[in-house]
Structures are given as C-alpha cells and as structure tokens.
Amino acid sequence: MHLLETRNLTVRFGGVTAIDNLSLTVGEGEIRGLIGPNGAGKTTFFNAVSGRYPSSGEIRVRDHVVSGLKPNEIVAQGLARTFQHVTLFKSFSVLKNVMAGCHLRSGYSFWGALLGTPRTRQNEADNERRAREILDFVGLGGLADETAANLPHGLQRAVGIAVALASEPQMLMLDEPCAGMNTAETRSMSDLIRRIRGNGTSIILIEHDMKVIMGICDQITVLNFGTKIAEGSPEEILRNTAVHKAYLGSAADAS
Amino acid sequence: MSFDEIPQMLVTGLSLGLMYALIAIGLTLIFGVMRIVQYGHGEMYMLGAFFLYYWTAKWGLPYWLGVAASASVIFVLGAILQQTLFQAVHGRNILYSLAIGMGLIFIFSSGGQIIFGTTVKGIPKFATGGILVMGGFLSYERIVISIVSASLVVGLWLFLQKTRTGMAIRAVSEDPETSALQGIRTRQIHWVAFGLGSALAAIAGCLMGTLLSIVPTMGFVATIKAFMIVIMGGLGSIPGALVGGIILGMIDSVVTTVISADIAIIMSFVVIFLILVFRPSGLFGQQWT
Amino acid sequence: MKVEQGTAAAQADGKGNAAPPSLNRYAWAALFAFTLAYPAAVSFDNYLLHVGITIAFNVALAASMWLIWSLGLVSFAHAGFMAIGAYTSALLLTKLGWPMWIGMPLGAILAGAAAVAISLPLMRTRAVYFFMASWSVGEVIKRTIAYFDGLTGGWNGVFDILPPTIDLGPIQINFADRIAYYYLAVVICAIIVLCIYRINDSRTGMIHWSISENELLAEHIGINVFKHKVIGFTIACVFAAVTGALYAHYQTFISPKSFDIWKSEFALVHIIVGGLTTVGGPVVGAISLTVIDETLRATGPFRVILFGVILIATVLLLPGGLETIPGRIRRALRGRKSS
Amino acid sequence: MEAKSNMAAPRSSWRPSRRTALKAGAASLIGLSAPAIISGRAFSAPKTIKIGGAVPLSGPVAYWGISTMQGFVDGAAVINEAGGVVINGEPHMLEIINYDTKGETADARAATLRLVEQDKVKYVYSQAAASTVGMLQVTEPAGVLSIVACWGYLKLFGKDYPLHFRAEMSDYEQGFAYIPFMQEHYGKDSLKSAAFIGPDDQDGKDCNYSYQRLMKYYSIEDKGSEYFNWEDTDFYPIVAKTLRTTPDFIVTSPTPPGITGSIVKAARELGYKGPIASPAASETKTILEVVGELATDVVLPVTNVDPTTPSQVAIRDRFMKRFGDFNALAGNYSWWIYSLKAAFEAAGTADDPKAVAEALGNVVLEDTYCGKVAWAGEKSFGVKRQGVYDCYTTLIENGKARLADVRFPALPADY
C-alpha cells in the first residue's frame, strides 16, 4: 500500500494539457523530489493532488480514492502542502498562524466555541501548547508573538511549513521551500525537511536547487510538459540522458 | 404587445444601452487601474452636467466647446481628488475608498443643492427632431449620444491599445509592481487614469443631462447604474461596459414595454445576480480580489 | 535574529495583537453600565431615550454587518434581511394578531432560511463582485415586498405595528413606554453584540479572519471555507432580522423604503469609521455617528455635507478608525515615558 | 430615491446665480440656527410661540422642504416686524425651529420627537408623504397641531386626526379646477379617455387613486395606469406602453418637473398629440428647458407662471431679497403661517392646539399668493382640514408658457 498514488492523472486548462496521464507512487517515510523545467507541471501536480484544480484519473491516499475532494477534505486525509509564494495569514501573529493551522486537530465545534465550554478551553490550551511545540520544532519558538508580515522572507517560509505541519499530515508537499534563500538558510531548511521526515511524515518536494534535491531526496521524479520522463534515485537521475536533454532545452531553469 | 412595437423596443433599448455604457466606461477605467471603488463617480457626472449648464444657459457659450471644457475641468478635479483623497487609500481595503466615495456623494450632492439650488434644470438642446430607424423613432439627440458613446468606447479601447500612455495604463492595471520596476510612474498613471475616467463621466453627464434634466442629487442614480454595468461586464473591461450597458438597456426597454417597469428593475438585479453566480468575475472580467 | 520593521498595513490591522483583554473587558463593562444608567442620566428625557433606542438599532445592525465583514465580505443585502425580519413580525401581528415574541423568532428563522438559500449561489462570488451581488439581493428583497402589495401593503407599508407587552400577572410591562422599549432594545442589542463578540473571540472568529486574510491557505489547512461563509453570513442575517423586528415594533410603521440601500450604507459607514478589526469598532462607530447625525439635524441643508466631511476626515486622518484611539493614546504615553 | 407627494413648483423668470444661491444657503442657515434673530429679541421679552418644522432640508427632496421652510421663516419675520401675533391684546413673537428629515419616515419621526419633546413645540409643519407619516405618529398622540403638504395616506387624515391639516391641494382637489379648464379649452368631446403615469411608490398609487376618482366623476374613460421607477433614465418604454392604449390625454402625477419634461418629450417624439397634465410639476422653466419647442399642450395646475397681484409681487420680491431665490412652490406655501396666525388670534390662545385647530378650520384668507384660501372637506373627511385655494393653471403651447386660467376648484357637493 502506498501513501500516495496517482493513476493516469490528467489536468487540462482549456486546450492545454498541463499534466498528461501521470502515474506516480510515493511510499511512507519517503522524501520524493519533483523536478523539471519551468512549466513542466510540478506545481500543477500539487494543485491537482491538493484538490485545488479539477483533474481526471485517480488519486489515492492509502488506497482511498480522494479524487474530486475539496482542498479542506484532502487535508483531512493527511495531505498538507505549502505554496510557492509565501502564503500566510499575514496580519496574524506567528503563534496564531500555527494555531489556525491546528484547525483539523482542534476539536472545534461551533457551539462549544460560542459558549466557551470547559472542554473547548481545554482544547484551545492544548492547541496553543501544540502550536508552540511545532514552532520550537521549526526553530521559531522565540518569535511566536511577532506579526507574520514583519518576519523576513526566509522565516515566513518556515512559518508556512509550521502551519502545514499543524494539521499533523502524513504527507507534506513542499513547493520550492528554499526559493530566494541564501546558503545558510537553505542548509537549515534541508535540515528541517529531514527532521520532519524523521517524525514519520513523508515529503514531496519541488525545488530548483539541485544541491538540496540531490542531498535529501530518496527518489526523484522528473516531469517535462506534464509527463514523467524519468524516475529513480538521485544517482540514476544524474545519469539519465532524457533529463539532461530536457534541462538543456531550458538551461536557465536548472540553476 | 404587437409586433410593430418590436422595432421601437429594440431601437430604444440599444440607444439606452449605449447611454448606460457611456456612464460606465469611466468607472471601469478607474476600477481597472487603481483597484479602488470610486463610489462618487456619479458626482463627476453631475458636476460635468452642471458645468455645461452654466456654460451654455448662463454664459451663452457654444455647446460642444462646453462639453470639452466640462471634460477638462472634471479631468482636473478628478486628478486632484485622486491625489488628495484616493491616493492615500490606494492599496488598502476597498472599504476605505468606498467610504471616501460615499463622503464625496454627501458633500457634492448636498453642496450642489446649496450652490446650484435645488430646482431641476435643463440644458439647452443641440438638436431637435429625429428619424425612423427600422420602424422605431430615434431622435437626433439620441443618435448623437449613441455615436459619441460608441466612439468613446472604441476610442478608449484604441487609446489603451495603441498609445504610450494607454499602454502604460494597461500595464499598471495588469501588474502594478512589474510596471513600476519597468520604470512606469504608477502614481502619475493613477491620476491620469482617474482624471480620464472622471472626464468620461463628465461627458456622459453633459450629454445625458441635455437629453434629460439635471439636479444636484442625480449623481447617485448614475453611480448605481454604472456600478451595475461595470460589475456585470467585469471590472476594468471596456467591452464589458459596452455589453453590460446594452444588456441593462435592453432589459429596461423590452421588459418595461412588455410587462412593467417594476418587473424590469427586479429583473435587471436578478440578471446581474445570475451573471455573477455563473461568471464570478463578470462577463469579461479578470480575477480581482 | 533581526526582525524588520513591519509594514504600515500590518500594524494597522493588528488582529493578532489587540488591546490587553483585561482593559477591553473593563471598557465593555463601563459601556454596558452607562447604557443601563443612561435613562436616569438624561433624567428620562423622552427624545434622548429615542436617540438611545436608535443607537441600539444602529449598533446591532453595524455589529452584525461587521460579522460578515470578518469573513472578508461586504454585504449590502443587510437591509433586505432586516426587512424580512421586520415584515414577518409586523404582518404576523397585524394580520394574525401574533405578538412580537412569536413574530421576531419566526422572522429570524425565515431570514436564516433565506440567507442559507441565497448564500449557496452568492458565496461563489468574491470581493467587490460579492458586494454587487449582495446589493442585488437586498434590492430584490425590497422590491419583491413592494410588488406583492396584497400581502405586504406594497409601498403603502404596514401601519399599527404595536410594541409588545408582557403580562405575567404581577409583572406587567407595556413596551409602548419609551423607557421600557429602551431597555428591551438595549438588552437585545447587547445579546447580539455579546454573541458576535463571543463568536469573534473563539476559534470561529479565528476561522473567519483566516478566511478573510487568505482564503486559499484557509482551505489548505482544512477549513471548509464555503460552509463557514454560509454559517457566518446566515448568523449575521438572523441578527439583522431580529433588529428589523425590533425596529418595526418601535417605529410602528414600515414600508419598503425603510429598508433601502442607505440602511446598509450607513451600517457600513459606522463600521469604517469605528474600525474594522474588533467588534468594538462598529459599536463605537454606530454610537458616535448616530449622535453626530442627530446633532447635525439642526444644521438643515448642511447636515449631509458635514457628515460627509467627518466621514472623509476620519478615513484619512484616523486610519483604522475610532477603535485605534486607545492604542494611539497608549503609544503616545509610552513614547513620552521612554523619552 | 425618495418620492415626493406634492411638487408644486416655481415659476422662474429668475435664474439663480452662484452668488445668490450661496446667499440663499447662508440665509437659510441663519434662519435655522438663529431663530432668535427672527423672533425679534429687540422687543422687551415678549411671549413667543414656537413653530417647528420637520421637513426635508437635505437629500433628493430638499427642494420641497426648503420651499416650505422659507414660507415660515419669511412669514415669521413679517409677522414679528408688524408686532407679532396679537392674542387677547398681548403680542406674541413667532419662533421657527427647523430640523432636517432627509425625507425619510424614521428620520421625520426623530425630528418631530425632538421638536415636541425637547423644544416643547405645539405647532409643527412638514412636507411630503414620507415625512408626514413619521411626523403624524408623534404629533397626534401628543396633542400637537400639524400642517403639511401630503397627497396620499388618506386614512391618516380626517376625523381621527383632528389636529392634522393638509394645506396643499392634492391632485384630487386640483382636478376640479384643471379638468374643467381643459374641457373648456380643448372641448369636452376631445377628452373622452385618459391614461395615468406615475412613480412606482406610494405617492404614485395615491395619485392614481385620485386620478381614478376624478375620471369617474367627470365620466372620462380610464385607459390604464403605468408606473416608472425613480431609477429610470429613459421614459420611451413607459410612454410607448401608455400610448398603445391611445388615450385622449395623459395625467402624470406626482412627477417632478424634470421627469415630466422627459415624459412630455418622449410622448411628443413618439407622435402623441393629446394634452398632458402634470399636477405636481409646476417648474415651468425646467419643462421648457427639457422639452424645448416640442413642449406644447402641457397643463400645469397650481402653477403661477407670472405673479401679478401686489401681494404676489411683494412675496416674490421679499423672498428674492431674503433667500436669493423664489419659486412658485414657495409662493404656494407662503400662506400657511398667516392662516395659523389668524387661528391663534381667533382662538385667543396659543397654548391649546385643540382650540387653535378648531379656529384654523374656519380661517379664510382673501389675498394670499394663491388668491383666496379656505379649509374644506367637511363632508368627505368629517372635518375641514384640507386647504383649498384659487388654482392658477399654466399652459405651455409651442414652447411658451402662459397663465391660462385662475379658478377656485368646483368641488363636488359632497366634498
């Protein structure tokens, strides 16, 4: 049984086929790299799997068919994601961002919240504790009360990951987590990704920084024009001629 | 209803639709560029009409020169309003621009009552009589207004497509940040577009004011109509304003003639609602949040 | 790690970091205490009681509209739902003789049902398109009421909507008495504001602001955005309907014109002037602007102009609205202390 | 948009310039905020009688409210200068207090509450149906006398509202002047059927009711009624629909002058030849400006296009001086305060609105801006509470307006 499996996944926008018959499996505890030139369909794949875009074909999580579910239902299945552009509740404090991220695990009920029952208060206290734990885990423990918008770019990305982790996913889809980061930040981000996996969460990673990809991924899938052109361990991918060809066609993207 | 009423219905609806479009294109331009809600757009329409009233009825100056003068004066006024009031709320939530627009409605319509008086006025006509078009009567006034409206729509479209300023305006409306990086002075584009939009409202006010009558509180109805049209057509879309105007004009004409006016206005709101439900960004709109 | 200075926008919308809760609570308690003491404070002046009742209506209306705003939506259907509540209660009384105590809840239920039904399509639209679509809803409600004149009296309106009475043997209250109605209005208004405060203060409020801040992210942390929008909108419309019933039985006369676009617009103005980020905003905004409007009444033709000037001045000179004043004072004091 | 129940309007050979209009605004502000000036503090603390106005001074119907207010402010000044209201030999000064209603019912109620409960006013005037409804809920239970211009809501008028006076003739009373005039002018045989156009609101329905009763009384066939929205811009559709029934003449009421102009224009352009009567649109100049040379056979009752008698001219000149503005509507309303003064003096008290109301019903003024004025309606309403006066009818022919007829309405015997 695979954690995530897509069968013949296809996404079309009008006449353009962005993902074409993509079949892919990701096992538990795996870090999977997803690479390919710009426009290869990597982010579209995330959007399709996370329920943002409609798709045809099949998406399964632990053998449950989740195709056609809405994003919030997909998250409930244990699939969380981050976004290419930093996406946060910018006017919230960092802590509140993560607490909002706890939504699915918060034991929320409308009436409980309205009446402020002891149970709700207990739940919210738990949520806050958990949120602080997650912040400590991603290394933001000291910034809990900062307004998210006030943080530098790199830290905002880390908050984004913390928010996604708050739903306690089995699989985390990271869309270019190291974009716009310097070497030191990139290194600590790689480290964070490894530690997340260490907690038992699988990861799919879109990243242009080949050092990151090659350094941390167990398996790599290469997309071009919406189709899978190669799959394998980092070493295999480095040797693959089709991959080189695809990247030579648009050399700038590989940097 | 009999069949010989159909031509009149259609001719009336088309000319009314073009009039509506005339009121709306200025608003859609401002919307597109500044991403703010100029709720006081109708007040520019009202002021434009009153300027022409004083120009022709009071000072006895030529009509069409007065329309041009009115447009220029309101252009300046619009630019000033943009610089003094709307620039400060640019980029903030649309509510703030909405509030300023409402404030302008209060100030201009009530101030207008004190300065211009509360009596209804009429602007001297530029033409009388008319012709039969496909069996429906169309006065020369309406023909002129329709032609002006259509050519302003086309002219504005060409201006945005072909001229440097126009292209800059489009660039700013599509992607303000990138165009700022490319060296387009967005602040300048803002007041130019705002002034231009206001001037278009003034022209609409002049022509519609001539056809109908003018009173200082007439701006709000124009705002309502312009809003309905612009949002139905899609914010920032000039063809949208034209199509939206004609849809509204046709509903007003056909439904009023066939059923009644109260059903017509209910119907126009229902149609807008349905359009927005099935096309959440209007008929020709870009996604706008 | 050096934290950069935040943007002005982030500072203005300090949803995460409002005033200390204790201070907040004292302010609310003081306001409520003053509200209760108000009739005595104005030595039972009937006209000033009337102003108080009007303020209660406006506060309830603005606060409930603000609840929709916390979802990031500006609804102009509000006057329409107020009309549903008002007409239901009024017609049940004048046609069937049912008192307000039955009419008001029924009106609220009807408005709630209508709100759920209409929001299913309505919530597909966003931002300013939602604004226009909700405006259409409000206009259609108003004009439909006017159209079915056999039932509703059409433009003629409904007369003789008597205030309710309570008859429990020893306790008899006739709400035709201005003081009694004042307390009725204040209590209902306080319940509405309290509910909204609680909603906003709980996780529901956090969900609302998440949706308002970033709908995409809200969806991807597992929030059913559509459902919460429908629920929030419906609750607000129910409150509007309750306010409408309360309004009808006080005015004793309603017509479709009582619920035109300006009702919604003024509620919106109250919110903007008061402040957008806490429920204190609409409350303070509605109170101060109603008082100002009543005062300006004597200036005749200048009333509306002055109102417009105050509105624009507040937006430009006091960004964030009246609710930011305590924070400004605190910052100013702190600034003085530290220097 | 707010509807207006009654819109008589100004003749205007005079065009307001910017300066005079500003002067008008300033003058009205003074009139509002400083009633003491008008009430004449120069006198050694005489008794005062407060008269309150709950009228639209802002918003779309401000025109009517301001015109009403001007009559009271001017009248109070004139009366005070001439020694005030003399009650049992003792002079009383008049003090006018005005509060804005925006022309909205709830707002009018608030304004009236302030007048009655705070300022302790016992005499209130108001304007237009919406304001009147709001005002009446306060005045009648509080025992306060009210004078208004309101054409509809007839169930709020009559025996059950003994303190409520409707000074302005509605289109119903006007009908007994302008329809006979039209029959004489155009010939009875050419006016056998009629159609009605009015706004889609209560004012429109009320006027339609008046119209129906008039048509029945004069045995004219009713060819149907159409209602327009206040938001409407184009009147082609509604006029086209009306013309389908081929009426001999059209009554449009209560349509303000601008819309009347648009209706006339549409009708003439669509080839309609019959006369069009508009009992509310007396702004002759506007209609001429809007319709141009197509304006012909437009009948405007209660519109005095050319003040001629010395008292009419005096009122016009005084208004021009005091407010920088004068319209026929303000003239039509200018007699209200004099009627009230006569009632105070006849009743011998200003403290008892009931006694004043009794007296007011019997007041007859001979020489006002509207000529002879009396209160009527005893048989229809049970009390004499409806103002009736000489109806000055202006006729527009070939783009020119002239005063065509002056007659006291020939009210039916059972009125």
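Lettered A, B, C and D in written order, each chain numbered from 1.
Basically, a residue touches a chain if its C-beta (ideal position, glycine included) is under 8 Å from a C-beta of that chain, and two chains touch if they have at least 3 such contacts.
Everything numeric in this text was worked out from a predicted model, so none of it was measured.
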Quiz item: In this assembly, which chains make contact with chain A and also with chain D?
Solution: C
Practice problem: Please work out which of A-C and C-D is bridged by more C-beta pairs in contact, and write that pair. | Solution: A-C
Practice problem: Compute the distance, rounded to whole Å, between the mean C-alpha positions of chain A and chain C. | Solution: 40
Quiz prompt | Distance between chain centroids, defined by C-alpha means - chain B, chain D (Å) | solution = 35
Quiz item: Distance from the CA centroid of chain A to that of chain B, rounded to the nearest Å?
Solution: 47
Quiz prompt | For chain C, residues contacting two or more additional chains | solution = 9, 146, 301-304
Practice problem: Give the residues of chain B that touch two or more other chains, as numbers and ranges in rising order. | Solution: 110, 113-114, 262, 265
Practice problem: Check the chains against each other and report every pair that touches. | Solution: A-C, B-C, B-D, C-D
Quiz prompt | Residues of chain D that touch chain B when the two form their complex | solution = 1, 9-10, 12, 15-18, 21-22, 24-25, 58-60, 62-63, 66, 200, 226-234, 236-238, 240-241, 244, 256-259, 261-262, 269-271, 283, 286-294, 325, 327
Self-check item: Touch list for chain D against partner chain C, complex
Solution: 2, 25, 28-29, 32-33, 57-59, 62, 66, 69, 97-100, 102, 104-106, 109-111, 113-114, 117-118, 130, 133-134, 137, 153, 200-202, 204-205
Practice problem: Using the touch rule from the top, collect the residues of chain C that touch chain D in their complex. | Solution: 45-48, 50-51, 54, 146, 154-157, 251-253, 255, 257-258, 294, 296-304
Self-check item: Footprint of chain C on chain B - complex, ascending
Solution: 37, 85, 88-89, 91-96, 98-100, 102-107, 109-111, 113-114, 227-228, 231-232, 235, 262-263, 265-266, 269-270, 272-273, 276-277, 280-282, 285, 288-289
Quiz item: Can you list the chain A residues touching chain C in their complex?
Solution: 50, 52, 70-72, 75-76, 80-81, 83, 87-93, 95-96, 99-101, 103-104, 106, 108, 110, 113-116, 120, 124, 142-143, 145-147, 149-152, 155, 163-164, 166-167
